[in-house]
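Going in written order, the chains are labelled A, B, C and D, and every chain counts its residues from 1.
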């Protein structure tokens, strides 16, 4: 960290600042110029509160040089992390596709879709049991019954299941029943939930918040990893911007940045990002071309009757066609779907 | 709700759509033009999933006319809601100021600040015990010890206390100890938490999410109110934009909009919105001029030593000066501080 | 257009509204429900001012059904537009790459780069002569001398040249010297400039503004096309968001949307979108996968000495490698580079 | 400017970087730490291209300390600039209100409105003659006829006139006819236009671009001032965000920031910022409370018949009432309306 101090700062104010820095166990390198005194801090500055430093009136600017995340940082873990659920892999040369409906609606529905997406090459089945909805009057999911239906579909097809957790009370049930626990965009900074999930061994699929920066996403992964669970999958799912033709704006440049900064696998959710089924194919192809390790895609056997997000769901035949096309792209990128 | 259907839609596709609508217990008003068939839906459309309707290929556009919130809607509750905590009021002609440090750090600190802000005219004491921090390596608050210190400060000064809850496990403790329970921006759409808070009688201070629309804020209030707790205070605290001179962009136009759409009191947090102490005064004055019912302001006896957010905290003398100035504005607006 | 009027509106207020509508030569279809009176407007509503309609107090909502652009609309021009500059094509099955430095700096520089990018397969040479810079103290380009150097490079290599125009005074010079006239993001809504460019026959490369919606981009194309020049190439170059790791956020979903709504070719500028050279390759590949018709890429023989935008420029060898990789993607998409 | 270089950088790469810096006439202050070599640049770094420095692979980070604007900087011009048009003042203790219709429509209309707003206390008359409209099919203003009608209204009322220029060709006419030349949001970075306006003596009202940062607004002012014209009025008029209840999000924190960084007067346009007439009053009051030097407000004698922006225009009686209320606020702030 570099701190730029006014050249005319008084000795006692500088001492007060140095005091704060040294209390954090850091050393300081001085450099006095005409206009500024520059302090270069040596040591682990992650616990230092930038705002407190900036509140010293003699401080003009503060520049972080070190990245604030450690476990998620590729610097300290150069190899790609590969997530393995009973030989279903995501990461490295393994392109993993997760598919299924927005929400589990009935046994017939979830089994039918699970069979279809498996046949097309999906490695994981997704399905919402607890649904975070903007309105309290909207369908909120089948709850634990939904989890049970997912388990039946897993038994029928062998596909590991992915479902979204909404609160710490559900951790036991999700740890027992689900193969990958999803943290939704709205909970990306639910730090208590992240901390508890960090105590499990289960892979965690962590979605980027609607207005979270790339660095904040990595800091949320760090919350989980700090507790011991390093099985984190990052997911870009669109950010909120002024553009209103799409539900969100898919930020595909986040993929190569996350891959450079971190060793964790990165997948993309083109369904929620765009909110429109006909944009899923081009955005799925673009994701793999940009370096993604996988996709999570909404598939419904009858989108027009879906209890949520019908407009962004693919029909099974459209999904099948998409998977066929994705294989050509995977081949160029040296990946296996 | 109005649904615009292609004029060339086939009879059986229209029937399928009508089927979905009628299952929701709604009636339909037809109007056939040259290019479009327009369906006007009559009844309560709040539970209808717009996305499922849009997934019908014959549908060109859907327009919501009715507002999706009911309990929070001024239409059904024309009078202003006034929050009353032992005669400390927020709402109507009562301008309520909540003040205190970002986080409770010690008994000495919180009592000293509590006395200062009370003397200056604050009606409530704020203080973080559980702190949502971007980094797992940052100070996370004193936890339950923090709540205890707040209680001591309340006993010393008589000021009711406001503190942020981060998870459902804490509900019992907060219901016992705290006078107004704050839901932070990152938890605005933690729907499980909102639902549980709806079962209490305690006032809830609900902060707008970093990228939440005004309508989404009202929908989150609706989650709480639907369960029976109508003591909700809305709080504008800045939204995330491209501008980087301030931590967030304070959206003051949200105040008159919220006041028009809803009967709930609306307060403003200029400290978190701007992230810079010298912007707190002009933004506090602007808030009252724009119609706010109160403010929540960070005050610290020694910002340079604060464990968090020092840069945005006012010193007690600066806060005192601000309160003095705010009284002139309150007078013009016919409000009592 | 559909106008929702309060059911309790008075007759004379409705008449006043109808008067305004009928003055525009439109017919009206009525539908009276319990809560609303719905007016469906028949005819060309493009000239109607929505804001004036909304200013009638009896109006609750207005919904546009018709798209506000005509010449740029695929509805009235189903076939893809192909831009042809001496057999160098962009559009349809022709993937066109434009490459070159941010700004023309010297004869040696521009000829050297032109030869390199031609060898790698670029079809057009880009180079800035007039540079829009945020600071008046930054290098502003060589001006007309820059255009002359571009002409020399064209003579040497046969590559048609693309350069940015900044003001109407330059139209004559650009029409004489340049093969494709670029309108930069900051001038996307310089309507006087667009109108004048509409009177030429020269192809216009129109960049999306930093915070322009997709519809606004199409409306700016419409300004040019309305005057008679239908040779417009649309360019996605990133939009401004809160994310600060990239200069802008590249909105690749704009490609399939623009291709669906319009017949005009769509290219992408990954250099300006990201601001970082190592993001150009993944974003270029993602662009072609998402359906783009071409790319515009910054290439500099010595980025470290570039007078502008060095950080986002590719070295010629890196560009060569990129072009090699893009060919595999083009093949899958059935396109020729 | 501070440049952080990798500690393991090779001598010749460092020399190459130093070479670039020294060519710009700057001196360098070294400081070698464990992880980094820190270069502190001494001298005027405004002309240095940050991107070229960042393109050196040995550079980790670059931090600007100096502000990039000079003429607009309060540091070099501590006193408030006051704009004076025939004793009609904006700036310092003079709160100046500019009012009038979105566009001039007829002699009767403009004279009637001019008389009304003058009676209510407006110091300047606004009126659009050339209108930048998103659609080429919308009303584009009366052009030079509009300027003539404004001159008639000025003669009738004595109010100086403010109108928007759209292109350099119009400079002569505007310099002859108009008292304050307005540069609209879409032209804030039309640098050629800014440069030409810098050669006049006429006050320039410079509006913030839809997605311009505060620093970019100041840099655009710098373009004008660098040429010699220091009569610039800055105008906050809302920025583009995801919130869709208002046309734009009014960023009132920009006022105290601009006032701190610059000596130029700052006014606010609540009409364009919100797009809704009933938000103009609370936002106008908030603006004055936040420290604004003036307002520009749309007033129309018959908003329902306005040829543009009817929804955001105040009726003269509403404007009169607003001016009455603003006087109380002005008094508190020690300003004269």
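Definition applied: contacts are C-beta pairs under 8 Å (C-beta built on N, C-alpha and C of every residue); 3 or more make two chains touch, one makes a residue touch a chain.
Owing to the predicted nature of the structure, the values given are computational and were not obtained by experimental measurement.
Engineer: What chain is the most remote from chain D, judged by the mean position of CA atoms in each chain?
Structural biologist: A
Engineer: CA centre of chain C versus CA centre of chain D: separation in Å?
Structural biologist: For chain C versus chain D, the centre distance works out to 26 Å.
Engineer: Counting in whole Å, what is the centre-to-centre distance of chain A and chain D, each centre being its mean C-alpha position?
Structural biologist: One centre to the other, that is 39 Å.
Engineer: Rounded to a whole Å, what is the gap between the Cα centroids of chain B and chain D?
Structural biologist: Here the centre of chain D sits 32 Å away from the centre of chain B.
Engineer: Hey, what residues on chain C touch two or more of the other chains?
Structural biologist: 211, 240-242, 244
Engineer: In graph terms, nodes being chains and edges touches, is this line, ring, star, complete or other?
Structural biologist: Drawn as a graph, the chains make a fully connected set, so complete.
Engineer: For a test of understanding, state which residues of chain A touch chain D in their complex under the given definition.
Structural biologist: Counting only chain A, the residues touching chain D are 2, 4, 29-36, 38, 40, 42, 60-61, 63, 65, 240-242, 244.
Engineer: Give the list of chain B residues in touch with chain D in this complex.
Structural biologist: Residues of chain B touching chain D: 211, 213-215, 239, 241-246, 249-257, 260, 273-274, 278-279, 282-283, 285-291, 325, 328-329, 332.
Engineer: If you look only at chain C, which of its residues touch chain D in the complex?
Structural biologist: 16, 20, 46-47, 49, 51-56, 68, 132-139, 166-169, 186-187, 189-193, 195, 210-211, 216, 219, 222-223, 226, 240, 275, 277, 303-313
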